[in-house]
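All chains are identified by letter, namely A, B, C, D, E and F, in their written order; residue positions are counted from 1 within each chain.
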Amino acid sequence: MAHVEVGEVVRALRGARDEWRARQKRARELGPREFPSREALAGIVESLKGALFPMRLGPPDLRHENEDFYVGHTLDAALQGLLAQARLELNFSARHAPADAQEEIDALAARAVRDFAEALPGLRRLLDTDVLAAYQGDPAARSVDEVLLCYPGVLAMIHHRLAHKLYALGLPLLARIVAELAHAQTGIDIHPGARIGAGFFIDHGTGVVIGETAVIGQGVRLYQAVTLGAKRFPTDAEGHLQKGLPRHPVVEDEVVIYAGATILGRVTLGKGATIGGNVWVTDDVAPGASVTQASLQKAPGVRA
Amino acid sequence: MAHVEVGEVVRALRGARDEWRARQKRARELGPREFPSREALAGIVESLKGALFPMRLGPPDLRHENEDFYVGHTLDAALQGLLAQARLELNFSARHAPADAQEEIDALAARAVRDFAEALPGLRRLLDTDVLAAYQGDPAARSVDEVLLCYPGVLAMIHHRLAHKLYALGLPLLARIVAELAHAQTGIDIHPGARIGAGFFIDHGTGVVIGETAVIGQGVRLYQAVTLGAKRFPTDAEGHLQKGLPRHPVVEDEVVIYAGATILGRVTLGKGATIGGNVWVTDDVAPGASVTQASLQKAPGVRA
Amino acid sequence: MAHVEVGEVVRALRGARDEWRARQKRARELGPREFPSREALAGIVESLKGALFPMRLGPPDLRHENEDFYVGHTLDAALQGLLAQARLELNFSARHAPADAQEEIDALAARAVRDFAEALPGLRRLLDTDVLAAYQGDPAARSVDEVLLCYPGVLAMIHHRLAHKLYALGLPLLARIVAELAHAQTGIDIHPGARIGAGFFIDHGTGVVIGETAVIGQGVRLYQAVTLGAKRFPTDAEGHLQKGLPRHPVVEDEVVIYAGATILGRVTLGKGATIGGNVWVTDDVAPGASVTQASLQKAPGVRA
Amino acid sequence: MAHVEVGEVVRALRGARDEWRARQKRARELGPREFPSREALAGIVESLKGALFPMRLGPPDLRHENEDFYVGHTLDAALQGLLAQARLELNFSARHAPADAQEEIDALAARAVRDFAEALPGLRRLLDTDVLAAYQGDPAARSVDEVLLCYPGVLAMIHHRLAHKLYALGLPLLARIVAELAHAQTGIDIHPGARIGAGFFIDHGTGVVIGETAVIGQGVRLYQAVTLGAKRFPTDAEGHLQKGLPRHPVVEDEVVIYAGATILGRVTLGKGATIGGNVWVTDDVAPGASVTQASLQKAPGVRA
Amino acid sequence: MAHVEVGEVVRALRGARDEWRARQKRARELGPREFPSREALAGIVESLKGALFPMRLGPPDLRHENEDFYVGHTLDAALQGLLAQARLELNFSARHAPADAQEEIDALAARAVRDFAEALPGLRRLLDTDVLAAYQGDPAARSVDEVLLCYPGVLAMIHHRLAHKLYALGLPLLARIVAELAHAQTGIDIHPGARIGAGFFIDHGTGVVIGETAVIGQGVRLYQAVTLGAKRFPTDAEGHLQKGLPRHPVVEDEVVIYAGATILGRVTLGKGATIGGNVWVTDDVAPGASVTQASLQKAPGVRA
Amino acid sequence: MAHVEVGEVVRALRGARDEWRARQKRARELGPREFPSREALAGIVESLKGALFPMRLGPPDLRHENEDFYVGHTLDAALQGLLAQARLELNFSARHAPADAQEEIDALAARAVRDFAEALPGLRRLLDTDVLAAYQGDPAARSVDEVLLCYPGVLAMIHHRLAHKLYALGLPLLARIVAELAHAQTGIDIHPGARIGAGFFIDHGTGVVIGETAVIGQGVRLYQAVTLGAKRFPTDAEGHLQKGLPRHPVVEDEVVIYAGATILGRVTLGKGATIGGNVWVTDDVAPGASVTQASLQKAPGVRA
């Protein structure tokens, strides 16, 4: 190894960093790293899962009569961790703000974490509907416990419901990290901004993508590789999204979308509609309608 | 943090749990958690991989002449762990059974683990055919060792062959967890019930879904995003599966299915058939036939 | 557990291994395991990420003024680890070579690691263009830091640019392991041999497959489930690739390929072309052309 | 390494074990190991320390208002762990008992753990007196917190008070292990049987030995290398203890014993006595008396 | 376990804590725990050892030419950790100070850590003399490397020289913790306040106690169980030390003290004196004198 | 932290190292660190303990019928680790030897490890006598299992018997590290060179020191703080040992030595002699004699 001049490489790497920072107009004196940590959030989410479902996702030896001790201690630690991460995100967002904004930022972070904590019981109730939907929607499911432990779609929804709350509370970066943790494990990519009603079930799940402004009603069911995306053509030659505009589908209650279907743009899939596998949809679908490969010949704006 | 009333949140979460348990008719006195553990099974599967392929998936410093010591010790620990998990599953399944059934359950668990242990040498031989198929099927593969260490399709098959045995021995929940561990790592979702012949190879793999009653012959090759699923329309408006019925494809020997193809329902792909990429198949395909995007215009029940 | 005859199973497993080794013509006396380790490479890649992006992917408490100490120490350890793995790969490749080749192998390994080290500053600059492309290509991105930490497409490119260098330096197995580590985390499967220009961005990413001889220009953008594969039919009934021949697409600068599109064979997508979602392309596309589902009726060799 | 015949050594070691077991009349078929675990008890004691002193020996981020959640959860886990260890000790003690004694043993273990749990608040109060004694007895001590975190004598007393309770509840082996854990860390060897009053302080501590039947009053202070042992000569040429008889000193309230003093046999050190360094005492010392090197010339039975 | 009322025990423990806090006049609202951490300091000391002796106490794969990278990175992390601990100690000391003292405390902590850092090269030079003294003083020592890795006396001195510096910089609690870490490992108890000259060697070491105001010259050698303590009798019936007064021995250059000797009070052992094993000294010893068991009959104030 | 100039400290520390190396005549180009590792040896000793006493010091779930698998696998790994450490010691010893000595050194290391392995069954038998001696010598001991798990004297003897074998095989540094590991845990300091017969028992143990050339017969019993040291005065004013000469006591069979006794020089304690507590012995003691504080007035060379 005597021939690798590590010192040379270190110098050259510093040169590359300096170039980048100059181009990014980042001051040379950055101070310590101020950014939320994926590892910290992974730990926090694990704790929150345990606090939400203590007898299934908590420690293996938990006893029913002492659940609350576990929930209280775990929650307290998780919320403290979350507060620290929230401060990091808000400080990073406000990195060009005047120095005396710290107090206000701390208050914002504290308020966000308090609101998040108070929302947890409601999130638990919502997640119970998702677990039930998975159990009822998959004849292979033997118990709700199996669903909670094994189904990637349920894992993705636990992350999403937590992430969506963080997103709504003004912590989009924490929300994104929580969502990506589920994406990496399940192959299901739900943007934290998506609004999803009760009783949502994704089967298999790998390759599902749900965009930021998607709105999904109650009792909706999705299979693997379904995309609820933004329509980019024909008018937009570059494919760039306009930020903030509603640009993803509205999916009404009780819709079922089979594997590989692609729904693009601010279209509405009417209540109870069924979208067949691999179908490509860029126009509204009427309530109760069934769109399949076979039906595509006749319907404008719906192609396979 | 003084303003988060953790005690309040703990009480409200308990309320949510009580509601759920009341609705699920779960007695308030549940006793300790009795459910198989994903973490425990992950450890057991790692040990079994080491016992099956000691010089490649065992400890890095293993020496050839002492393989058997490692295999024996690792196997013993893995089988004890599996026995504990098997008891947890069987007890959970029998949670409404009379209290004196414990002895019978223990005997069932012990028998299942013994049968599983005795099946391992056969599974190793089957997996050798899968490794060989991957090596021969991918011109980029440089050695069988590389295939064993690097190919997600091979990892998925190791998990599947173990999971399928557990499934056949009456431990469907353990089987499911073993399968999901591979799904999370590879994006390949094979139901433990699927019957798969020797020399099976999945290339790339992300997004592959193989259903519970699928039957696959020898020497079959699959690419990424292939679905062997159940046909749900046009007749079934709700998309619900009838549990237990054969509802997934039969794929005969030497069939090749290219990326993104979707085969639905209890159809048969005849021996040596080739299914092109992104093709949508809901009818039988004759032995030796080649179905591609181009050929779809003519064949009924086969569409792109 | 008294009834599992572990000794019997150990003997039967040895029998299976002996059969395999006999069939593979592997000598009974193999000596210690000589093969690169996935775990070791995972650690090395983590260190390299830290050395490349110390303030974002390094330790959380790193301070700007002492970056170089961290970079130097981490790099030194990572390169030593890489040297050991490189020796393992080269020794494995040369396992039938005469015993006195060791010195030459060691020199080869040392040279490869030195060249790799010297390439790192250049790779950092390339990766900066990828980060910038992701930031500019996704209106939801709030900062380059978020992109670096959260985007699976960026993670995949860090791994790919390291893996591609290893591949070019004659270490294809190490390269493959580095690529598979990203594949497992992101669902993005890029062969280390693929040549990819600056400013490359993959959005969402799950299910993307890019083949060994693909050539991609600057400023290209891809969405989930895009395949840049080899054309296998109609002429090749078995679907076997000819090794080494250019068989994957050439994608020129500024091309955009939407989700689910499949491009097969040594075709060229001309500069600035746009390929729509789920489109199936097996012929050249002219510069600036836009291929969508709608346009497919007219273009030969391009089908949906 | 090829020349170490591990198999031979394994066989010879088995021979040695078989000899031992034959000599010890241990049946060849021992079943699984049934013995308390030092590691498990170390973890349990750490948890109990946290439950007793949550803000000092609990997790660093504990907040005052949520102490009870931590205490309850930690205690519950520790007591479950202790119950398992208690069963192991009682089963081991009763290893020659009839097989149907298990229920009785389980009841014994449960009762012991319940009594232990109920004794904890009293032990905390006792330990508070020890902490205070250390703080008041050492002018170098700056706060009770420092004493609790830094003083080996306090650590030894936390272990002793827990161990003494276990000993009194019929779990002498668990008690011994708890005591030895402190011995290894502090060099202070207190037999769990010793009865020690409130406000006990050991300074420095290395080399202190306190025997099983020692009785120590309130407010006693000891320095390093003090022995409260059994008198073995002149009458007992072999130096064997008669088991169970009171054979160690009685130390009354407010006694101070300086470093290296040795007190042997069932002698009484009267209230408020002072024993000088390195003094050797084998007879009673009157209340308030001061025994030093200088005074030894005159006192029979007390020598330096 | 159903019969342990954990809730009851939790309540009773809280009662015991409340009593203690009331008696200690600690406000009910303590806020989060603010106290230095033994675990954190253990980690910091390990890092400092590595930074002081990189090739022996640093990472095993360190290469000579890249030592400085390791030293710099490790030092930086250790000093940041130390700064955090220093703040905790100073805040704890000032816990009754007005709230606006924080800035001053932070400045004090920063200055202490800076001074500590700048003292490290000098400490390394001093420790080199200790290592050399051990090597030259023990004929069994084979190399200075062996001495550095194996000798408990050297470990104790590394801790002491660091602790003494912290003590001198106004951080007596951190100093104490660093000293106790060595005490627990070696049985050698050196108060951080003791002033010890170059080339100090303790052989075997168990049971050595050196008090706060002891002053030790150059080239001194000590064996196990030597006490350099405070004289407490005959005049002080309670044995209480007067804080701050010089009360421990002065040991001049080149003195040797054999095992078990006890030197008490502010006496002076003159240059080059030899104190025999188990000897008890409470008066000055002349330079060059040799005090042994045999000589004790004649010398007043020196007894065996 | 901005004010600590870490770079300055790094430079100054390098200066201190350079001085030391210059003075120690160590070449500037040292190459990688070549020295045995305390951590590695700690792991090796743990494995050896498990291999020697599988059902008590092995893994908690070990089953009797599969002991040999565990023993074989553990032994193999431990011996490989030991071989690596032996090479490091021998290379370090031979660091001034010609470069072509490597082959010879490797052969020496291999032979030492083989001889060590073959000695293990004999060591197990010896240790069984020590366990039995402790069980029979302490009336408080309830079972041989308790003795094996709890008694520091037994732990020290396991380490010593392993260390003594390493010492005899020409690996004194490894031996020393193994001995110091026990010293740190137990406060018992036995030089690896000491020759100790069967059935040796040390009670309590803290502060025991046994020198390099001590020879101890069968059935000997020792208590805490006993020293078997070298006589250094009156003739040797400096207290330096002559290396290699027999200079520590010979203790014949069945001798008992009580706490705090100091035996110095090449004296012989005759068979069955009893040495009382705190006694100081520098002359031979006749077989069967009993030396106590009271008897010391008459015996020359024996003082208290």
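In this section, a contact is a pair of C-beta atoms (placed from the backbone, for glycine too) under 8 Å apart; a residue touches a chain by one contact, two chains touch by 3 or more.
Remember, predicted model here, so these are calculated numbers, not experimental data.
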Seminar exercise, completed: Per the touch definition, the chains contacting both chain A and chain E are C, D
Seminar exercise, completed: Hopping only between chains that touch, the fewest steps from chain B to chain E number 2
Seminar exercise, completed: The chain whose C-alpha centroid lies farthest from that of chain A is chain F
Exercise. Of the other chains, whose C-alpha centre is the longest way from the centre of chain B?
Worked result: E
Problem set entry | Type of chain B:chain D copy interface by residue overlap (half), same or different | same
Exercise. Once you count every C-beta pair in contact for both, which comes out on top, C-F or C-E?
Worked result: C-E
Problem set entry | Cα-centroid distance, chain B relative to chain C, in whole angstrom | 26
For this session: Just give me the whole-number Å value for how far the CA centre of chain A lies from that of chain C.
Result: 26
Problem set entry | Approximate Å spacing (C-alpha centroids) for the pair chain A, chain F | 59
Seminar exercise, completed: So chain A residues touching two or more other chains come to 1, 6, 10, 61, 63, 66, 68-69, 71-72, 75-76, 80, 187, 206-207, 225, 260, 278, 304
Seminar exercise, completed: Each pair of chains that touches is included here, namely A-B, A-C, A-D, A-E, B-C, B-D, B-F, C-E, C-F, D-E, D-F, E-F
Seminar exercise, completed: The answer for chain C against chain E in the complex is residues 59, 61, 63, 66, 68-77, 80
Seminar exercise, completed: Seen from chain D, its contact residues with chain E in the complex are 51-52, 54-56, 58, 60-64, 67-68, 71-72, 75-76, 79-80, 83, 110, 113-114, 117-118, 120-121, 124-125, 128, 137, 139-140, 142-146, 149-152, 185-187, 204, 206-207, 221, 224-225, 256, 258-260, 274, 276-278, 290, 292-294, 304
Exercise. For the complex, which residues does chain C have touching chain B?
Worked result: 1, 3-4, 6-10, 12-17, 19-20, 24, 28-33, 35-38, 92-93, 172-173, 176-177, 180, 183-184, 187, 189, 191, 206-207, 209, 212, 225, 227, 229, 232-234, 237-243, 260, 262, 264, 278, 280, 303-304
Problem set entry | Residues of chain D touching chain B in the complex | 1-2, 6, 10, 63, 65-66, 69
